[in-house]
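Next come two complexes built around subunit A: one with subunit B, the other with subunit C.
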Partner chain A sequence: MNHQIGDVILDLKNVSLAFGGVKALTDISFDVREHEIRAIIGPNGAGKSSMLNVINGVYRPQQGEIILRGEHFARMNPYKAAKAGISRTFQNIALFKGMNVIDNMMTGRNLKIRSNLIQQAFWWGPARREELAHRAKVEEVIDFLEIQHIRKTPVGRLPYGLQKRVDLGRALAMEPSILLLDEPMAGMNVEEKQDMCRFILDINDQFGTTIVLIEHDMAVVMDISDRVVVLDYGKKIGDGNPDEVRASPEVISAYLGVSH
Partner chain B sequence: MGFFLETLIGGLMAGMLYSLVALGFVLIYKASGVFNFAQGSMVLFAALAMARFAEWLPHWLGLDSLWLANTIAFVIAGALMFVVAWLIERLVLRYLVNQEGATLLMATLGIAYVLEGIGTSLFGNNIYSIDVGMPKEPVFILDGLFEGGLLINKEDFIAALIAALLVGLLALFFQKTTTGRALRAVADDHQAAQSIGIPLNRIWVIIWFVAGLVALVAGVIWGSKLGVQFSLVTVALRGLPVVILGGLTSIPGAIIGGLIIGVGEKLSEVYLGPMIGGGIEIWFAYQLALVFLLFRPQGLFGEKIIDRV
Partner chain C sequence: MPEMASSRAMDTFPRLLFHHAQVRGSKTAMREKDLGIWQSWSWRDVAEQVGALACGLAQMGFKRGDNLAIIGDNRPRLYMTMAAVQCLGGVPVPLYQDAVAYEMLFVLQDAGIRFALVEDQEQVDKLLEIKEQLPLLDLIAYDDPRGMRHYNQPSIHSIEELMAMGRIHHQNHPDFLNDEVAQGDSDDISVMLYTSGTTGKPKGVCLTHNAFISAARGGIGFDHLTADEDILSYLPMAWVGDHLFSYAQAMYAGFTINCPESGDTVMTDLREIGPTYYFAPPRIFENLLTQVMIRMEDASIIKQKLFHFFMKVARRCGSDVLDGKPVPAGDRLLYALGNILIFAPLKNVLGLSRVRVAYTAGAAIGPDLFRFYRSIGINLKQLYGQTETCAYVCLQPDGEIKFDSVGKPAPGVEVKIADNSEILVKGPMVLKEYYKRPDATAEAINAEGYFMTGDAGLIDDEGHLKIIDRAKDVGKLANGAMYAPNFIENKLKFFQHIKEAVVFGDQREMVCAFINIDIGAVGNWAERRGIAYSGYTDLAAKTEVYQLIQDCIEQVNGDLMTEGALADSQIHRFLILHKELDPDDDELTRTRKVRRDFVAEKYAVLISALYGGKSSQFIETAVKFEDGRQGKVAADLHIRDLKTFGSAGRAA
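After this line comes the complex of A and B, so read on.
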């Protein structure tokens, strides 16, 4: 399957966000094209996670607007975002710890469920058939992410790397058109990082999902992204394909040049 | 032996009723992470509605069947609890998403006063009775096995049976249905639940409604035992040691905690009472809860609280 990078699907215009006197984002504009992998990079505290939280409606920016498939959203919220096909993972994994892997991923199907409360309570025909269909879909995602062996394990007991993968699985179970990944590889070892890279590329390639990701590992970002936005102190200091960004003097002084 | 069993069974039946009250706390705590101070007021409100409608309906509609009047009154009271749940979400909870636990706690304290006020102004504040036709006279069972048999209070027995049934159904609902799964998801993590498109507002209405129904059943059972009066509010206090014992997040914990406290109360009253003076029943549950708070604050089945440092 070959998904050509298409038109602008998500457009952010002049977004500014402040918490009291602290300016997290100042007048940031950038766009995301359909089927591309778009990375947001920047030093710690640059406003990367805030940017993602604005897209997904967790934070409401004081200024600016979000245009999703031509539709203007002045007030985005996480529920609207989910309905519009945006799903996300979290930097500090936010799985439902008491539930097992399958149940966690089944929650990702919630928006697609049509049967009502009463049908469910009595395990009525339509509710049962629906549950089985969604379960089949979740099993596909489980196969895709190669986590068959832990399907019934409560997620609280899984090692960190696998929890990250389940988090991704729950987002994928929503069959999103745009997937937001907040540091999908933070805290992983080399092998786990390679796996995660492969999954991200496969998701983009096989399902044509548009991916917006935040990542610290520069090598990874430059390898897998189509275009990169660079933030520093809440301002945009670079935007372009990996080679352009790598060559920009501002970016080098703000980020790449600084040793960690 | 017969006497011991009789005490044990009495304790189990009383315990089941405590579980029912505790269940109200657990449901709301699970879904919204807030300890609901208004649970007792919800019991009072529901019981008042039930008692007064059962009294008014025969006059209004010319019914002469007690059973029919009770059924309609129960349905109306249930519908009222839905309105209450909807209003609480609409007017209070909606504005407190992702706020501190203490803020929500204070909000439920406010809800408690408002509910008590509205309940007593609508329905009056005298002592009313609920007569759902529970058999009052005790019966002897198993008189073949023991000399004199076991004396069982039929009313308590039926009440315990209803409570057990309700608790079982709710546990199934939580575990097996899509909505149940969404409820558990909201309980674990508001933000994550919202980001995958679980409508927080609707889930809250559902959970407060279910807690309202539990309060209604508890109100009917306790109300028919003690009479419907303002002191029903304190019935909820009996649920407190139960949730501390069983864990605030566990439905099975609420059941087993209730049973342990019911049995513990009755056995200690009967067997320890003569040694250290009576009245143990009154403080036993709270002492046990205190011990648990010292040594196992998450309760028997609650989730252990581990914070990243």
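After this line comes the complex of A and C, so read on.
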């Protein structure tokens, strides 16, 4: 299996989002191709997280549309997004702290569970077979992320870096075709960042998952992404491969400031 | 044990393997946890896969006498590879899997490695990194395919490919495998294990089938082990201990070996498997105990009270109950109650509920640690041996456990103490030779065929061997009596208040000591007595602390008096150093061993004060702080005379 970067899988057209008078995003268009790693960067408050929230339907933009695999969504919502194979991680880890790693990751399989509540309550027949199959899938992800040793540890007891990895694991358990990562490396030390980079690249390489990520660490972004979108104050100021973006005067001025 | 392999024909490991496949084919030989579930291989499965792998290797050009490197964590496939290589009359060479590439280079070159079988991408990458310097290497096979998709070098194959090739080869040449196994001889080299090379370059220790089978047979008979044992294989495959327990003994008796899921999950896997026969170096037992103690601190007050009460009972009578010695009825009852409430649940948490025999080796184990495990009913014993003797020289017999001996010579082993106190051993388990090093072989094996261990020891009245020191460190006092510094220092360091000790005495009329107190333990002790102190130097100079340490050393002197040859090594004078010995000041090695000569030179003024009869001495020492700054520590050190005992008739 070779995952060459393919056609556009996700296309955002003229998206604008405002909260009352605050314009979070203004007329933003960009696309994401199949199997690529697409980064969204920008200073604080540039609208990066809002952008992700628009893609998976948490926020509904006032204008614009989302085209996912040729299908137009004027109004995306999280359920539809998940059904369509989009999963995500959160900047401020949103795991169930009291539950162990396996249970947290099993919640990522929720959408794929067919048996009903009563069957599950009695863990009977098809429900049992189904759970075993889902657990097997979760175990594959655990193996992939090398977190076997914390399988049964409550998430709240884990250090931050590992919680981030579990968060990623839950998103992966969905077997997404598009994975949205909201600052996957924020607050990590160098070694943890290197591990996370390796996992992101491996996910992309091994499963062919399309990845959209927000990240502050420029070195990381430039190293691992295929194309980069740059936002500043809700506007798109750059789009292209890392070298183009790095050379763009608007990007330099937004990030570094220029003397006037 | 009627079905235990014992006949003449079972004299190589491949023959043992095919024997087990016949007599207990459906019994589980190996387990490994994969994706959270224990996967099993029966003896029949193992024999089939070993056969396929052997044929596959032969197809790729592996010849009798070739060496094959094995690098990786304990995996069933890697153990199978050992057997496959032995089927073809080759020699497996396991390497330490956590070594970096350039550290492996020497061994790979020395052993002339053409074939390597490794665990995963990480190990493949290491080999590729140094491939330029390994012109002979022409096959790298890997077990775990993860991340290997993009490796398309013609020399890299998966173990599955090898087995598939082997199965075709077997169809075309059905007699090949049997012929190869039949050609094997018990005096062939079965494995080559490299010494760690702390002194000079690593040496390849060539051990024969007969050596390891003799060692395995002896140990199994000694402890009455059967084919029903479950063991956890988690120590490096390149270490002789793992090879003896997880390969030789398992192959001989037909144990089930269990490979953990990953290095991080060993403790969980240990609990799930509940081995019946267990082997670990002292530091693992120490870590387990520390974990227990930390968790007890956090437990509720009732649990703590119960724990401490019953641990006191266990200390009083636990070892005797285990050894089947007479114990008062009241204690026996309390111990039984303690077993229900504390010991059994504790053993369960540790994963040691089913352990019938546990061994520790590799370093001196503290008596308190040793007593703890024995007192809660775990039959922990010590053994002594080297890579060169298949880790098999002395074993502690059940019911005859002495904390300071390593037991009696094992079945078939002859132990002799040379005039310089060096331990000499002879028996079938001794190495055949060092690979391509006739000079080293000649140095290690003397004219009468004894292997010279390099350790100094003595045999006590009941025939137990005591290890006292490295032979090269053993000296003589001025009156000609034996003097073993490490032996004395270890005795001192077993006291929790003493962190480090350096003793002097070679060619001198008496033994004197420098002591470092353990700031944690002594600090705590001082606080409970309301003794105020400002830091290490201040605390070390307190009269009360001197008295505390003096009591410890005098206990050691009492001990030494009973040691016969070492009775003259009792410590006459000591002082407590004003600073902690520190690797940053070059006083300790990075592995925290005292650099005796350096310390003697640096503190020469203190040594002359000790031997010159002074009662105090001023000293100023430069120290390096962790951030690189330099400073000075100065103090007026007291020197104290100690009580000595007995035989020399020189009580001070």
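Everything that follows uses one rule, which is that the second predicted complex is superposed on the first by the 254 of 260 C-alpha atoms of A that agree within 3 Å, B and C clash if a C-alpha of one lies under 4 Å from a C-alpha of the other, contacts with A are read in each partner's own complex, and residues count from 1 in each chain.
Following the convention adopted for this analysis, a contact is a pair of C-beta atoms (placed from the backbone, for glycine too) under 8 Å apart; a residue touches a chain by one contact, two chains touch by 3 or more.
If you're wondering where the values come from, they're calculated on a predicted model, not measured in any experiment.
Because the two structures share subunit A, they can be overlaid on it, and in that overlay subunit B and subunit C fit beside each other without clashing. Which of subunit B and subunit C touches more residues of subunit A: that partner is B.
By the touch criterion defined above, A:Glu131 lies against subunit B but remains apart from subunit C after alignment on the C-alpha atoms of chain A.
In the superposition on chain A, contact of A:Ile41 is made with neither subunit B nor subunit C. Angle at the C-alpha centre of subunit A formed with the centres of subunit B and subunit C, after superposition on chain A: 90°, rounded to the nearest 10. When the two structures are aligned on the shared chain, A:Met174 is found in touch with subunit B, with no touch to subunit C. In the superposed model, A:Met76 makes contact with neither subunit B nor subunit C. Minimum C-alpha separation, subunit B to subunit C, in the superposed model: 16 Å. Those residues of subunit A whose C-beta lies close enough to touch subunit B in the complex are 56, 58, 77-79, 81-83, 87-88, 90, 94-99, 103, 106-108, 110-111, 113, 115, 117, 120-121, 123, 127, 130-131, 170-171, 174. Partner subunit A is touched in their complex by these residues of subunit B: 173, 176-182, 184-185, 187-189, 191-200, 206, 249, 303. The touching residues of subunit A, when paired with subunit C in their complex, are 1, 135-136, 139-140, 142-143, 146, 148-149, 151-152, 202, 205-206. By the touch criterion given at the top, residues 34-37, 147, 149, 261-262, 264-265, 268 of subunit C touch subunit A in their complex.
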